[in-house]
Amino acid sequence: MSDRAWLFVYLIVVMILGLVHNELIMLFSIIITMLLGGKARFKIFKKALLVIALFNLSISLSYVIYSFFVSVDISALILINLRAFAITLLTFTLVRRINLHKALEFSKVLAILYGFTYAQIILLKNMLFNYYDGLKSRGAILRSNLRKKQLKPLLTTLFGTMLHKSSEQSMALRSRGLIDD
Amino acid sequence: MHIPDGFISPQTYIPAIAISASLLALAYKKIDLDVEKIPLIAGVSAISFVMMLIAIPFPGGTTMHLSGIAIISLLFGPWIAFSSISLVLLIQALLFGEGGITSYPINIIAMAYVGSFSSYWFYKLFLTRSKNIAIFMAGWSSIFFPSIIIAIVLGIQPLVASDGATPLYFPFGLSVTLPSVVIPHIFIAIVEGLVTLSSVKFLKTHFRSVFSE
Amino acid sequence: MIECKNLSYSYQDFQLNEIEVLKDVSFKIDKGEKVLLLGINGSGKSTLLKLLNGLLYAKSGEFYFRDNLVNKKYLKANSKEFRKSVSLAMQDPSSMLFNPSVYDEIAFGLKHFGFDNIDERVHHYAKKFEIENILKSSPLMLSGGQKQRVLLASLLCVEPEVLLLDEPTAHLDPPTTRWFVEFLDSLDVTALISTHNITQGSELAKRAIVLGSNHQIIYDGEIEAFLEDTPFNDSLLLSR
């Protein structure tokens, strides 16, 4: 099945999971998704769990505390959490299994935009984390948060790099004949 | 502020898909997006993404993450900001699980659209009074108004999608979401406003050839 | 094939300061010649290559390709032909890769410039560059060396007459660098290769054009003679 077809199936399944209110169906979806995850299934499972943990735990705990004061059905939390996990797991499994770039091929502009954005994100993200590491290494910060005077050099580097890279990408599109001279 | 998956009902996200798709189509037209503009949008999207990773100290010993939406909107214009941040929200949802795919249209409307345009309009509104206040208010509004939208969208879930008294998506109503989401964001917005003020002024000076008015 | 006459280039930096990058650069490269472009960081090597690829326009001076003056008018009229004939591989291959898979990346140029038997040609070049096993992969996910191979395959499959290479071995490990040097040697193409790796230079080409810190050409001739005559510490740091 093509990447585009997988993307379409994914969107349909996400819609179904949103419309159905049955814990067993959510569990079934999670099992099928894990099977589709292949060798990386446990890694994806762990990632999905970590990603939803903070928000879901805080909502769930708050609701449990809320139930001491207001009469509510706490079992609602089971469906809510299962649904959140099922959709998140499905999303990460899809992204792992398909070439998202290829799935966007139906639009030349979107496909190139995705590719260039991804490349720039990797470049700038590495720059940011290297900056944190540099400051920590020199004893200027203890954890990865910045003060105002440390923010300015960072923004200068990030914006300068981004503008230069965008200019290079623009030239590359001309060089390879995608943009007319 | 991103809403994760599973907490928004189809009764909410399906109309939101229609609204956000229309806004994106309008943005496509306004920017006149073609192959030539791709590198700029890619760059702005990337820098928005990375700015959201930057952690700054918040009073009380905690940290908060910069949004950067107002910075982008003031430097590049609200339509480019809206398009770029929509792309960033999609990448965040698909690759990093920040924000869900079902809540994506809501996140676009709240953060990308309302965030970009409220900062632009508040800047214009306060410009006659003082440039510094205008930039600060742009930053402040880019956090405050989206938080209201998010609080409302979450808070109406028990009303629009419940099985009797049992909530099927987000379990808390407006009486909980409005104070618990909006009030903290009033203060987060102040920090964002201050960071926006110093960053925009600094970047406009440092990159005069790009951002000159 | 390529002739430059008194090319000069400057640009405005972000703070609106005028920055000189190239000054009165003149040289000729004949068909089939492989020439090294040497210089320290900031001497103008990348800018010169971009000028020769028609991506930038000189502030003064002239650039001729096949005895045609290359300016905006020429490029507008001959864009496709020029882009097919003169290929540039930028220092960062990521900037130039934008297709969803390696296969698509190689096929792009073939389709764009009207080649037939595209599938056959893609596989031929993939085999040549030892990237057949990653044809289905996204270029975004590859290592620096793999990206470099993909880019070279994508550019060379359209059979350009001139190849402009900006630091082509920057992302390559020693075995891949060896492969690249041997591969370039076997190619029948006019090439201008920029590098600041002097020791590698003599393996890539016989002639060197050296840009000094004054942004002018300080040497144009046999690379061996340049390396013998110039003390290492002074070699590219002082203007003449």
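Think of it as A, B and C in the order they're written, each chain with its own count starting at 1.
In this text, a contact is a pair of C-beta atoms (placed from the backbone, for glycine too) under 8 Å apart; a residue touches a chain by one contact, two chains touch by 3 or more.
Bear in mind that the values here come from a model prediction, so they are computed numbers and not experimental data.
Counting C-beta pairs in contact across A-B and across A-C gives the higher total for A-B. Once CA atoms are averaged chain by chain and compared with the all-protein CA average, the nearest chain turns out to be A. With each centre defined as the average position of its C-alpha atoms, the distance from chain B to chain C rounds to 42 Å.
In this assembly, the C-alpha centroid of chain A lies 16 Å from the C-alpha centroid of chain B. Rounded to whole angstrom, the centroid-to-centroid distance between chain A and chain C, based on C-alpha atoms, equals 37 Å. Shared interface positions of chain A, defined as residues touching 2 or more other chains, are 112, 116, 118-119, 123, 160, 163, 165, 169, 173, 178. Shared contact sites, meaning residues of chain C that touch two or more other chains, fall at 14.
Multi-chain contact residues of chain B (touching two or more other chains): 206-207, 210. Of all residues in chain C, only 12-16 touch chain B in the complex they form. Touching chain A in their complex are the following residues of chain C: 14, 50, 53-55, 72, 75-76, 79-80, 82-84, 87-88, 90, 92, 94-101, 104, 108-109, 112-113, 136-140, 154.
Interface of chain B with chain A (complex): residues 4-7, 9-10, 13, 33-36, 38-47, 49-51, 53-57, 63, 87, 91, 93-98, 100-102, 163, 165-172, 176, 195, 198-199, 202-203, 206-207, 210. Listed in rising order, the residues of chain B touching chain C in the complex are 206-210. For chain A in complex with chain B, the touching residues are 14-15, 18-19, 21, 47-48, 51-52, 55-56, 59, 62-63, 66, 72-73, 75-77, 79-81, 83-88, 91-92, 95, 100, 108-109, 112-113, 116-121, 123-125, 127-128, 143-148, 151-152, 154-156, 158-160, 162-163, 165-167, 169-170, 173, 178-179.
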